[in-house]
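Consider the two complexes below, in which chain A is the common component and chain B and chain C are the respective partners.
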Partner chain A sequence: MPAEHTVKAFTEDLDKIERSLLEMGGLVEAQIARAVTAVAQRDSESAARIIEQDSEIDRYEQDVQEQVERLFALRQPVAQDLRMTISAIQIAGYLERAGDLAASMARRSIVLCETREVPGLYALPKLGDASHTMLKDALDAYRDRNIDQAKSIRHRDRELDDMYVALCRELLTHMLEDPHRITPGVHLLFVAKNLERIADHATNIAELVDYVTTGTRASEDRPRGRGFLMEGAPSPDDPT
Partner chain B sequence: MVNVSALSDPQPKLVARAVSVYYGGKQALFDIDLDIMSREVTAFIGPSGCGKSTFLRCFNRMNDLIDDCRSTGSMLLDGSDIAGPDVDVVQLRMRIGMVFQKPNPFPKSVYDNVAYGPRLHGMAPTRGDLDEIVETSLRRAGIWDEVKDRVDQPGTSLSGGQQQRLCIARAIAVRPDVLLMDEPCSALDPIATATIEELIDELKSEYTIIIVTHNMQQAARVSQKTAFLNLGRLIEFDETQKIFTNPSEPSTQDYITGRFG
Partner chain C sequence: MPAEHTVKAFTEDLDKIERSLLEMGGLVEAQIARAVTAVAQRDSESAARIIEQDSEIDRYEQDVQEQVERLFALRQPVAQDLRMTISAIQIAGYLERAGDLAASMARRSIVLCETREVPGLYALPKLGDASHTMLKDALDAYRDRNIDQAKSIRHRDRELDDMYVALCRELLTHMLEDPHRITPGVHLLFVAKNLERIADHATNIAELVDYVTTGTRASEDRPRGRGFLMEGAPSPDDPT
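Take a look at the complex of A and B:
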């Protein structure tokens, strides 16, 4: 953070927005980790708590929005302060959606408890861990205004896409082997998709680190996966 | 290094090169290079005492009126020197008008305030011509409807905001190319300020305007280019939008975000 404002309350307001954002991020990270565990360990009680907690995340998003709104009205931020506050609203939005995805995983885990177990899903906790870590690192890069770290996170997105596709293939194999595994398999496909989406939100947050710090948007070419069962589709890297 | 001719191809209206100004032994401006483009609003911002008013006053040689003030470097209007000893300062100030911080109408009628310059410069051969100049100027200054029924009353009887618009009408009555405005709204309430800002926006289609302001939001609202001065030096000059979203210089950023000093 640069020098303090002459009006100290201005600095305090900005700090408070940042704090709320990082607290919100911590909560979302925990929700994701718990949701993955709830799915992997068929723990419906934990899942119920996760679903309950989601409203807390929504409250955080609203709180950040209100703080920014107030700052706009009272202090008319410019330059870095303007970029930071605009980004805060965006990041709160990404986090809120990541939180929703965690809650959605928790809801599916409750249904999964009632269905036949799909054995040996080592790839799921692995994907869960990668996705959770990516969000955590993106928030750390934002907190530290670390452009290099943010860039490396954006490049990690491809790895995660590959893990996601591998998990989907594994699930498909199970479903082909045993029709009783189709219902849990489909739920798990959605869980995998949610984790892949969470990583996308982490990438979005990592992109904002450049904007907040330098005022320019991150615009490097980074490799992107085609997606599950999309081998015949045009690559997202091809010009449209 | 400050980009002196920010993003502009056409010929600048005003050019300052290596301008330094001294008050006695004290140097107030250091080596300023700046191009002012035609029909744009350029804002000078900076903390008190940074030299922005001093610099503004170089453009119509108002500093000549101060005994121990001297300046070096060159100032050009449309490519012609304005700082030289053989320049007719009265003619120069006809082309480069000025509006001050405090509205300062002459102790004369509204009509005579506006007619003063055109009369002095012999711009209106007949009373009809003069009437027309007065009406046009008051209209352009956005005050005609408010004063058309009382042009014979003293200018000082108007409200502060009206007086300031009267002074703008007086300044444009002699058909200048450039309008210098030194804190034109600092003595006005927000509504009168908004009226002046709207007027500045309209006037820029015909005039080149330079405005000195302490109100950074005002600079952001009314200008296309912004120059940030500090301690007598030009720190940064760029598109206003750039200055207020992503300035290049850390000290500009500190100033506009309120972190100065």
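Take a look at the complex of A and C:
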């Protein structure tokens, strides 16, 4: 039964790729959560470990790429299998980038230890939580091929953008009040931006659920938050 | 001669994908150059056109993805053809993201029109030029399968990181001197970050030249610039 044997080997290969992606995703999720804590608690030892572990995520990406290349060469997938194989490279790329963003937050948290504290940033761990959970849910939706859950993630991306804008305004107000907060404020603005970008990658992954399942690519006119454009942003002339 | 006919059709398909990628790249290059000018000259009309044109770049990405999917399904590429086909999805992704970064700069340039000018930012157009040229050269290296040129781009990425750090320090000094420059300064920091990211995408594309040609993926321990970590950054207590 060579045909059946081939089908079985093929399914095993696909499953193995998917397992690698989910393991990689779990590692990236943990890195993000740890990086947000390192920023909030000014924990430079934990930050150093996060930076070190980023290379493991890179190795996962390379491993997925090699598995995909082998599967293309040996098994020539079609239809949904083909779409799953193509999307695996893309998901590995998004996860690798999300891992980079976690490492970048960790690097900034080390510099933040040397700067004045910015008081009362309750919104930062909240944004971190939202972004981390979105990535987790996007990977769950991908694993379960759950189109409804994937769709809901696109809408959450907009809410997250609003949280991001509110946090940026808060940071800007602190920076205007006290020049000692300008340098830490800038780092925290970039940390917030990283979290917003991680949510974008989660959304990219969620959009691939539709593609893998139905073959249609999400149109690019994704609901867009206002970004951090600060129309009517706090100004030094405002009464404080 | 069905075999020869198939080979010819295959080569034509691959050539068409490559043409689409290079056209897409040309459009992205133009968007980046225009966005830097829009920021430097506070030209909100040009910025609006850049934002509008971003959807054309998205359509190119979708078109490349569809061509790749068709080629996989119909022609089952192997060896170098397989690698070229896989890398086409990745390059389209990097270019789409570089286009997004150009549109993001354009959006910030519109907000900048409403803020106080930050004087003497000679370094910004210089960074813009360097980043734009790197992307152009990466695409040329890809088109010509020129491994040496691709290698030189990795080293230029480091130089560009240094330019980026210098510009960030300059901006920070302006922000510390005059609180009216904090809001425009933050926007310009993000514009600088976008240009640094575009150069990263150029480096990603350059790394794929090696992969397509020889089958080896660049190791991830890319020479890393210091980033914008601002050790010893200007402080409000420094004499100015």
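Note that in this section the second predicted complex is superposed on the first by the 219 of 240 C-alpha atoms of A that agree within 3 Å, B and C clash if a C-alpha of one lies under 4 Å from a C-alpha of the other, contacts with A are read in each partner's own complex, and residues count from 1 in each chain.
Following the convention adopted for this analysis, a residue touches a chain if its C-beta (ideal position, glycine included) is under 8 Å from a C-beta of that chain, and two chains touch if they have at least 3 such contacts.
Keep in mind that what you see is a predicted model, and the values were worked out from it rather than measured.
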Query: Of the partners chain B and chain C, which touch A:Arg107 in the superposed model: first, second, both, neither?
result: second
Message: With both complexes overlaid on chain A, does A:Pro125 touch chain B (first), chain C (second), both or neither?
response: neither
Query: Of the partners chain B and chain C, which touch A:Thr6 in the superposed model: first, second, both, neither?
result: first
Message: Quick check on the superposed pair: does A:Asp81 touch chain B, chain C, both, or neither? Answer first, second, both or neither.
response: first
- request: Could you figure out whether chain B or chain C reaches more residues of chain A?
  value: C
- request: Return first, second, both or neither, reflecting whether A:Phe72 touches chain B, chain C, both chains, or no partner chain.
  value: second
- prompt: Residue overlap on chain A between the chain B contact set and the chain C contact set?
  reply: 76-79, 82-83
Residues of chain B touching chain A in the complex: 216-217, 220, 244-247, 250, 253-254, 256-261
Field: Sites on chain C touched by chain A in the complex
entry: 55, 58-59, 61-62, 65, 68-69, 72-73, 76-79, 82-83, 86, 89-90, 93, 104, 107-108, 110-111, 114, 172, 175-176, 179-180, 182-183, 186-187, 189-190, 193, 217, 220-221, 227-231, 233, 235-236
Complex contact set, residues of chain A against chain B: 2-7, 10, 76-83, 214-216
